[in-house]
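Both complexes shown next keep chain A, but they swap its partner, so chain B is in the first and chain C is in the second.
Up next, the complex of A and B:
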């Protein structure tokens, strides 16, 4: 890694690591009695190890000039491996907490091992660790190919990826120590949030610098989605995490907002984390990898435009559907419901555009499990966006809210859509990135596909059943006009579904483990592919390509 | 429209500005007015702030992720009001930085838990929920009784709370650690200060049954016993809505 950096970049890397080590030391000293200090020590150790790494490679020869003739893919390789590691960690913890809901004593008598601390490790591990790394890795790959331009330097992609993973590690270890803001999907505390802003701005600048070097006059649709992902996540992250720390040297902070305003801000963030982290970015992925793998062009350019701007505009209004019948003013609830229903149009236009792209390639869907991952992802995207709009309707929400139905809906999206498209994209990328003819074993890809699909279906059906039963039991009256069931009655009724859900999750986890093995063997032993062709190279010189070239 | 887009997608900066513009509108329309429209949060003159011990308990509630399974927001639905009590008002969480409305009821709503069970019940339940509710799937929190409560930084907590808008007085901030101790030690000299600063109705008792030690169990039980009790506004909703 260090050998790929120029002398100048090695010096900048050393300066950055030195500053990080100093900040880490200050944090460790200032937070001696606090988890903040532990994180300071962690930052310091990581920075010092990084410095050793850079120094040991410092006198290696500079990378040759002809590096500029090919795309810079080493960061994407790192990101894909990191994504798979986080997938296994996040899904393992997720399945563990799923079993805890069926058998609450299957844990240790220790604070870190209780459900409440493990759950955010699962959610952040899969969303930010697995999803985020996959998004960054594929965005680097896609932005270079679709602009026909190489990334401008070697250092900033590494800063983005390594910095982002440091954020994920601080987040996950923080939860185990009890460091959390309690805002769902925005749990990391103020110092982790500030660090993520620094990383994210670097990411944005890198993206814009690459776009500025593009040789294609038009910016391809994948890049619109990746850009929306970067920009809007920054906006949401900064506003929702505004907080006042209790002291330098303490991990604890208090949100700037309280009560109803805090609730609305949190769900404006929360729902749009779904929209711009878990949808927009992954649609960017879909728009590149699906047509490539199917060897078919995108079905409709106009549908791409309608769905992109529809999603960008409508989603931002939909957050208040998380707060139906609460103390949030009714006018905000009604706006949220209305826009949530309208959101179905751009969502289905996207899903339709993806599936129509497969016309003429359905025989490949049948034969190629990688493409089938992407096809199933598009189907689940369509299903879960329909379900989402439906659940946002106020009377439906009165039944579904607070129940497992919500959990089922989230996992239809997270397992069926986000994870499936990611596995599809990863299986497509690995042979391309490591210059292999194909994945080590197509049979194992097939096995992963069926494990993932079975796991998703079992999970989602279990949660649909338990959620609807729960919702109905809570509102059932007996003949004398009193509530028919105690809360405990509904809890007992959940048990079989909680077991089924944990089994579904286990299948999904097993699939990811099979995937890791297959990727590992592809990198180590699969036969090399022919040297890259001219098509997979950046266009050099000042000329901009003309359409059709 | 598509012709315009054909030109727009050739300009990176234009695309960025368009995304920011289009994505900002929803939030501006839905969130900004919540800070300016007065009716958003009802008036409740009797609303009091959390004592330092209750605030510490609230922070333990946050730390342990209790909000992931318990909501604190009773909706305006008949079955919820009959099961849990009067529906929640915005004013009841006006000092909650952050709010803990929750999104899931793996366990029941606890917006009106305060005073519903005895301290002994809570201690037994937190030590092992299945001792009192055999079917419960809640984790056991035995370690709370073993952990001494950290009080040295409570003044900083109150100061930060004041900075975000909670009306703590200088007196409250200066005595935060002593008040935390006093609230769980009714016979100690510090107990009087708590009643003086936070009102006679404040729960002052040995929450975990051991007045000598101040544990995290004390703090969490003190917090659970105040849920829904900071104001009576919810019990007379018509009066406050009319104003």
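Up next, the complex of A and C:
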């Protein structure tokens, strides 16, 4: 890694690490026994190890000038491996908390193993660890290819990736120590938030600098989606995390907002995290990897532009549907509901565009599990955006809100759409990045596909059943006008579904583990691609031409 | 100094919000369907399928 940096970049890296070590030391000294101090020590140790790493490679020869003849892919490789590691961690903890819901005694009487601390490890692990690393890795890959420009330097992509993973580690370890600002999907405290802003702005600047060097006059649509992801996530993150720490040496802070303003800011953030982290970025991925793998251009480039602006400007107003029947003014609730229903149009335009792209390549979908991952992702994208618009309607929400239906909906999106498109993109990228003919085992990709699909279907059906039963039990009255069921009654009714959900999650996790093994073996043992075939073409099963080709 | 109260904000969102979103939608549709843009869109859609895995160095 250090050998790929120029002399100048190695010096800058040392300065950055020195500053980080100093900040870490100050945090450790100021925070003492507070988790803030523990995180300070962590930052200091990481920075010092990094300095050793840079110094040991400092006198290595500078990278040759001909590096500029190829794209800079080492950061993408790192990001993909990091994404798979976070996938296993995040999904393992997710399945753990799923079993905890079915068998609440399994916490070993330890504070760190309580549901409230483990659950954000799961959500941050899969969304930010797995999803975020995959987005950063693929965005580096896609932005360079679609602009036909190499990244402007070698240092900033590493700063973005390593800095981002440091944020993820601080977040996850903080939750286990009880650090949280109690905002869903924005749990990390103020110091972690400030660090993420620095990393994220560097990411944005790197993307813009690469775009400025582009050799293609038109900016391909994937870049628009990735840029919306980067820009809007920065905006959401900064506004929602405005807070004042109770002391410089303390992890605890108080939000700038209170009451219903706080709730509205949080769900403006929360729903747009779904929109711009979990949708926009992954649509960018879809619009590059799906046409590439299917070897067909997007069905309608125009539709991809129209749905981009639709998604970007409609989602911004949909967040208030999380606050139906609350102290939020009625008209703001109605506004959120209306925009959520309108969102169905650009969402289905995107899903339809993806499926129409495959029209004519169905034989490839049949034979190639990698492309099938992407196809199923587009189907689940269509399903869960329909479900989301439906659930945002106020009377429907009165049944679904606070029930497992919401959890099922989120996982239809997260497992069925986000994880499927990511696995598809990763399986496509690994042979391209490591210059292999194909994945080590097409059979294992196939196995992963069926494990992931079975896991998702079991999970989503279990939560639909559980959620609707819950919702109905909570609103059933007896003749005297009081509730017919106690809350405990509804818990007992949910138990079998919780076990089913945990089994579905286990299948999904097993699929990810199979994927890790397959990727590892591809990197280690798969035969190299001949140089002139560029390894950029998917190799199907037996490489036999299909009828009609 | 004029104070920005709840009613003014509601009035603003219900009027300005409506018109700028309609204007934006029209703008996007015109851009997407403008005949002379079709060529560069088609080119962009096809360009990613080319397997020339090298940055351009002119």
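The criterion applied here is as follows: the second predicted complex is superposed on the first by the 530 of 549 C-alpha atoms of A that agree within 3 Å, B and C clash if a C-alpha of one lies under 4 Å from a C-alpha of the other, contacts with A are read in each partner's own complex, and residues count from 1 in each chain.
Please note the rule applied: contacts are C-beta pairs under 8 Å (C-beta built on N, C-alpha and C of every residue); 3 or more make two chains touch, one makes a residue touch a chain.
Remember, it's a predicted structure, so these values are computed and weren't measured experimentally.
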item: First, second, both or neither for A:109, with chain B first and chain C second; value: first
item: First, second, both or neither for A:313, with chain B first and chain C second; value: both
item: Superposition-derived comparison: chain B or chain C, residues of chain A touched; value: B
item: Which superposed partner A:217 touches (first chain B, second chain C, both, neither); value: both
item: Which of chain B and chain C A:360 touches, first, second, both or neither; value: neither
item: Touching partner for A:71 - first (chain B), second (chain C), both, neither; value: second
item: First, second, both or neither for A:302, with chain B first and chain C second; value: both
item: Chain B versus chain C as contact partner of A:247, first or second or both or neither; value: first
item: Interface residues of chain A shared between complexes with chain B and chain C; value: 217-218, 301-302, 305, 309, 313, 329, 335
item: Complex contacts: residues of chain C adjacent to chain A; value: 6, 10, 13, 21, 24-25, 28-29, 31-33, 38, 40-49, 51-58
item: Of all residues in chain A, those that touch chain C in their complex; value: 68-71, 144-146, 148-150, 215-218, 220-221, 288, 291-292, 295-298, 301-302, 305-306, 309-310, 313, 329, 331, 335, 432, 534-537
item: Residue ranges of chain A touching chain B (in the complex, touch as defined); value: 33, 100-102, 104-105, 107, 109-111, 114-117, 119-120, 175, 178-184, 208, 211-212, 217-219, 224, 227-228, 231-232, 235, 239, 243-247, 250, 252-266, 268, 301-302, 305, 309, 312-320, 322-329, 332, 335-336, 339, 398, 401-403, 406-407, 470, 474-475, 477, 482-483, 487-488, 491-492, 498
item: Footprint of chain A on chain B - complex, ascending; value: 2, 5-6, 9-10, 12, 15-16, 19-20, 22-27, 29-31, 34-35, 37, 39-41, 59, 62-69, 71, 73, 75-77, 79-80, 82-83, 87-109, 129-130, 133, 135-143, 150, 152-153, 156-157, 159-161, 163-166
